[in-house]
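Below, chain A partners chain B and then partners chain C, in two separate complexes.
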Partner chain A sequence: MTARTLAWALAMPALLLVLLGLGLPVLATFATTFTGGEGPLAAYAEFFTSRFRRVVLWRTFEVAAVTTLISLVFGFAAAWVVAKSPARLKSWLIIAAVFPLLTGVVVRSFAWLVILGRGGIVNETLLALGAIAEPLSMLYTQGSVIVAMVYLFVPLMILTLVGVLESIPEDLTDAAASLGARPGAAFRQVVLPMAVPGLIVGSVLVFTGSFTSYATPQLLGGEQQMMMGTFLYQRAMVTFDWTGASTIAAVMVVVTLATVLAMSRLAQRLNPVAS
Partner chain B sequence: MRRGPHPALAALTVLVFLFLLGPLVIIIGASLSDTSFLTFPPRGLTLDWYQNVFEISAFRRTMVTSFTLATFGTLFSLLLGIPAAYALARYRVQLPRFLANVYVLPVLIPEIVLGFSLMKSVAIGAGVPVMASLLIGHALLVLPYCVRVVGASLNGFDFSVEEAAVSLGCPRWRAFFTVVLPNIKAGVIAAFILAFITSLNDVSVSIFLTGPGVSTLPIQLLAHMEQFFDPTIASVSVLLMGVTVAVMAVIERTLGLTFLTK
Partner chain C sequence: MLRRTLIALAVLFAAVVIVLPVAAILSRAFAEGVGAWWAAVSDPETLQAVWLTVLTALIVLPLNILFGLCAAWAIARFRFPGRRALLILIEIPFAVSPIVAGLCFLLVYGAYGPVGGALQPYGLQLMFNLTGIVMVSLFVTCPFVVREVLPVLQVTGEDEEKAALTLGANGWQIFRHVTLPNVTWALVYGAILATARAIGEFGAVSVVSGAIRGQTMTLPLQIELLYNDYNTTGAFAAATLLTALALLTLVLRGAITAIHPAHGARP
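Now for the complex of A and B:
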């Protein structure tokens, strides 16, 4: 057996799993969007002319973008401190970030039901303090979805950025300082440009993750705050509109892939080390 | 001289970590409350809700399903993923470069799209039974972890050691099991455990594939939450956090938790 045949023989089973288990079914879903409607593009025409669908798509964009932005700011600040911490403290902080990351999305979203619910901690506290007379309804608002979503994705952002920030040599900022740069200037002109590729990777992970999430908008947003993921589920399993569900799926895939491609382009262009 | 972070930045970081861990502490507290509704801080302390978890047959059943599915889905994925990772590392010249990207496609395609498509084409279209569809879905979901983590440890392996064994007359398959595999053991264990926890926690793929009589623990939790809002859910959550702790201990022993920052 030649090395080439052996290599393909070893690579083939996993390749078949991806092609038959993911490739074909996803292509079939795409095909449904072109054949399921009245004409070849009818399903998309229906999607984009429906006000409700546009609202859902826009809301999903908005929630994902705001989540990404907040996670970026807080994740970067925390990752900076973690990366500069002494070894012992650093490993504890990493443990504290990994723990929620590896805890399931249902558990982590459920926590916010307990916190933000009608009889939840926030309401109980405010009532006891006499700050409000009636419990506030915070669930099923865009705000509650965003809070839970940020909670979901900040650990991912921290862990991505810690690795990136650690790889920036201390010598570089020292050199900038010895050449007379103030700490602020050294940060802006040396650290930030070098961290940009990492910031982009983190943002892509958070944006695509929140854009396609299901459990969190389901639990904290409900019907009122329908997002693409919950909308897909509702179309597929409640109204059995498979063409509609497939169209939502196709739009999600296009948005995800476009984000990944555009951002990796951008990362390449902005990377000061490569090119 | 090294200066610590700016006090404002340090304070912000403390707040971020309180934000990360606070809700989990609240769940632990809520699971111990002797009230019939969820509340924090707990009024009186009791472990009854933990007992209740095991008294509800739906939780017992789905727990077994979830652990079985996570174990066998991951093993299946490793069975296909290890040879693939080996081929990618060992036969770099013979295989096209895009192949590595094909194996991580399940990360690029939204999970919920994968779940929906599998339901449509595999579970309903091809009439594959519920448990088998779930197994395929979960194996796909974790394949990227298997290929990547095993691949990372294979990249640190010096294949000339394997060549030496082969040139001394050791059959190839035997050289793999006695020379290569022991050297990448840590990577394989870490891949298993990361894949296991991913599969155990999955919602987006499973929600479409669970059928009459067969459900997984996270899906059952979602269903339970819609009807009851008692501390039982908090107790299940704490038990799942226990699994997370075990998983972290294994990762720390094998690759070290800092592996997750790379």
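Now for the complex of A and C:
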């Protein structure tokens, strides 16, 4: 078997799954957006001329971008600590990072209903401290959605970065130090460039996860903070507007795909190891 | 100084973001006492949802590992036409909202879609049952293993594999004794992420499950259903079950480490 056929044989199961499981369904959905309206582009014209739809799209993008930035900062710090910890402590820290991840999106969003609600932990504490006179209404705001999403997605960032930070040999930072680099310089010039693939993988995971999420905006954003996912569900399952739903789906696919492509390209440019 | 700040940040983050929410769920689930919690979790509908969720995860996990490892190795180690296209194709499930995936599956494999419609006369139904739930779960989780294993393969490079090749190892031996040990933890992370996602998947499953009470409700769907029924105790009690499933997955992961102590050197 030549290397090329082997490569194709190895890639085939995943490829088949993606083609049958996705290529076909996505094509069908895209086709609906062109054939379902008055003219071929009517559905898109309707989408982009509607102020409401543009607001939903922008809000979704904004929430996803802010979530990604916050997760990058906290995730990198946490992953750094995990990667540099002694083996035993490291196992516990990883368990702490993995645990909430395993409980699923509904449970984790639910938790924030309890924490941020009017009778929730934050309000009770602030009231008891006398910091506020009346409970704050924190649910159903952009802030509550972002907080919950950071909570939702930061473990993905941590786990991705731990794997990458660990595979950076200590010899390299030691070598930098022996050549007179201060810790900050060694970090910027050695660790950071080598961690770029992980940072980008993590950012892609967090951004696409939050841009396309449904459960969190559904539970914590409500009608006022409608995002693309909740908007799609409403069109498809409540009003049975398949063309409208497919158009929202198409816009989501294009935006997220463009982001992933841009980030992969950035990864290739910045990655010192991979070709 | 930098290190201390980082540790303080991590601990603070763990407390606020990891401990607090779990505590919140537990406090609400046990608010009416252990008896009420037990009554809620032993409800037949909830138990059925647990079983369906576990079954789905058990079917999806081995498939994910196989697909992920094969694809990551092929992409990292071979140069072939279509390599970049494959990388992009595998990314698609991340770029597609779970809820979009659910919609797409329904449009094609549902009774009124081209494939679902063609199978209908033979009595084969793909959506609104276990098959549909497994299909979308597999779809939304398939990139996780590739995504975790690929960067590690790229960072470790292929020198060791080439060395093994010059020493006469065949493809399988190289994979088993050189490549696999290097990526074991990335693989375990990937598999954990994928399983967690399969267990907790909500958006995609909510579209294709048909949400038939007592039949096609997975645990996350059941939780939302109970919450919408204003059965708060039931919803949060069911949520503790998902938390327990998470614990079980963690124990399994610990067991893997215990069986292969050589891998235990790395977390």
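Note that in this section the second predicted complex is superposed on the first by the 251 of 275 C-alpha atoms of A that agree within 3 Å, B and C clash if a C-alpha of one lies under 4 Å from a C-alpha of the other, contacts with A are read in each partner's own complex, and residues count from 1 in each chain.
The rule is short, and it goes like this: a residue touches a chain if its C-beta (ideal position, glycine included) is under 8 Å from a C-beta of that chain, and two chains touch if they have at least 3 such contacts.
Just so it is clear, the structure is predicted and the values come from calculations on it, not from any experiment.
Novice: Would you check which partner chain A:Glu124 touches, where first means chain B only, second means chain C only, and both and neither mean what they say?
Specialist: So A:Glu124 only meets chain B here.
Novice: Which partner does A:Leu102 reach: the first (chain B), the second (chain C), both, or neither?
Specialist: Once the two structures are laid over each other on A, A:Leu102 reaches both partners.
Novice: One more residue to check, A:Met157. First (chain B), second (chain C), both or neither?
Specialist: Touch partners of A:Met157: none, neither chain B nor chain C.
Novice: Can A:Ala64 be said to touch chain B (first), chain C (second), both, or neither?
Specialist: After superposition on chain A, A:Ala64 lies in contact with neither partner.
Novice: Tell me which partner A:Lys84 touches in the superposition: chain B (first), chain C (second), both or neither.
Specialist: Both partners, chain B and chain C.
Novice: Could you say whether A:Met237 touches chain B, chain C, both of them, or neither, answering first, second, both or neither?
Specialist: After superposition on chain A, A:Met237 lies in contact with both partners, chain B and chain C.
Novice: Is A:Pro197 contacted by the first partner chain B, the second partner chain C, both or neither?
Specialist: Second partner only.
Novice: Looking at A:Thr212 after the superposition, I want to know if it touches chain B, chain C, both of them or none. Which is it: first, second, both, neither?
Specialist: It touches chain B and chain C both.
Novice: Residue overlap on chain A between the chain B contact set and the chain C contact set?
Specialist: 3-4, 6-8, 10-11, 13-15, 17-19, 21-26, 28-29, 32, 74, 77-78, 80-82, 84, 91, 93-108, 110-112, 114-115, 121, 151, 154, 159-160, 162-163, 166, 208, 211-215, 219, 229, 232-233, 236-237, 242, 245-246, 249, 252-253, 256-257, 260.
Novice: Which stretch or stretches of chain B touch chain A in the complex?
Specialist: 4-5, 9-10, 12-13, 16-17, 19-21, 23-24, 26-27, 30, 37-40, 79-81, 83-84, 86-88, 90-91, 94-95, 99, 102-103, 105-106, 108-114, 116-122, 125, 136-137, 139-140, 143, 147, 197, 200-201, 203-204, 207-208, 218, 221-222, 225, 229, 233-234, 237, 240-241, 244-245, 247-248, 251, 257-258, 260-262
Novice: Taking the complex as given, what residues does chain A use to touch chain C?
Specialist: Per the touch definition, chain A meets chain C at residues 3-4, 6-8, 10-15, 17-19, 21-26, 28-29, 32, 74, 77-78, 80-82, 84, 87, 90-91, 93-108, 110-112, 114-115, 120-121, 150-151, 154, 156, 159-160, 162-164, 166-168, 183-184, 194, 197-198, 201, 204-205, 208-209, 211-215, 219, 228-229, 232-233, 236-237, 242, 245-246, 249, 252-253, 256-257, 259-261, 264, 271, 273-274.
Novice: Could you pull out which chain A residues touch chain B in their complex?
Specialist: The contact residues of chain A facing chain B are 3-4, 6-8, 10-11, 13-15, 17-19, 21-26, 28-29, 32, 74-75, 77-78, 80-82, 84, 91, 93-108, 110-115, 117, 119, 121, 124, 151, 154-155, 158-160, 162-163, 166, 208, 211-215, 218-219, 229, 232-233, 236-237, 242, 245-246, 249, 252-253, 256-257, 260.
Novice: Note which residues of chain C are touching chain A in the complex, please.
Specialist: Residues 2-3, 6-7, 9-10, 13-14, 17-18, 20-22, 24-25, 27-28, 66-68, 70-71, 73-75, 77-78, 80, 83, 86-101, 103-105, 107-109, 113-115, 135, 138-139, 142, 146-148, 151-152, 154-157, 171, 185-186, 189, 192-193, 195-196, 199-203, 206-207, 219-220, 223-224, 227, 235-236, 239, 242-243, 245-247, 249-250, 253, 257, 264-267 of chain C touch chain A in their complex.
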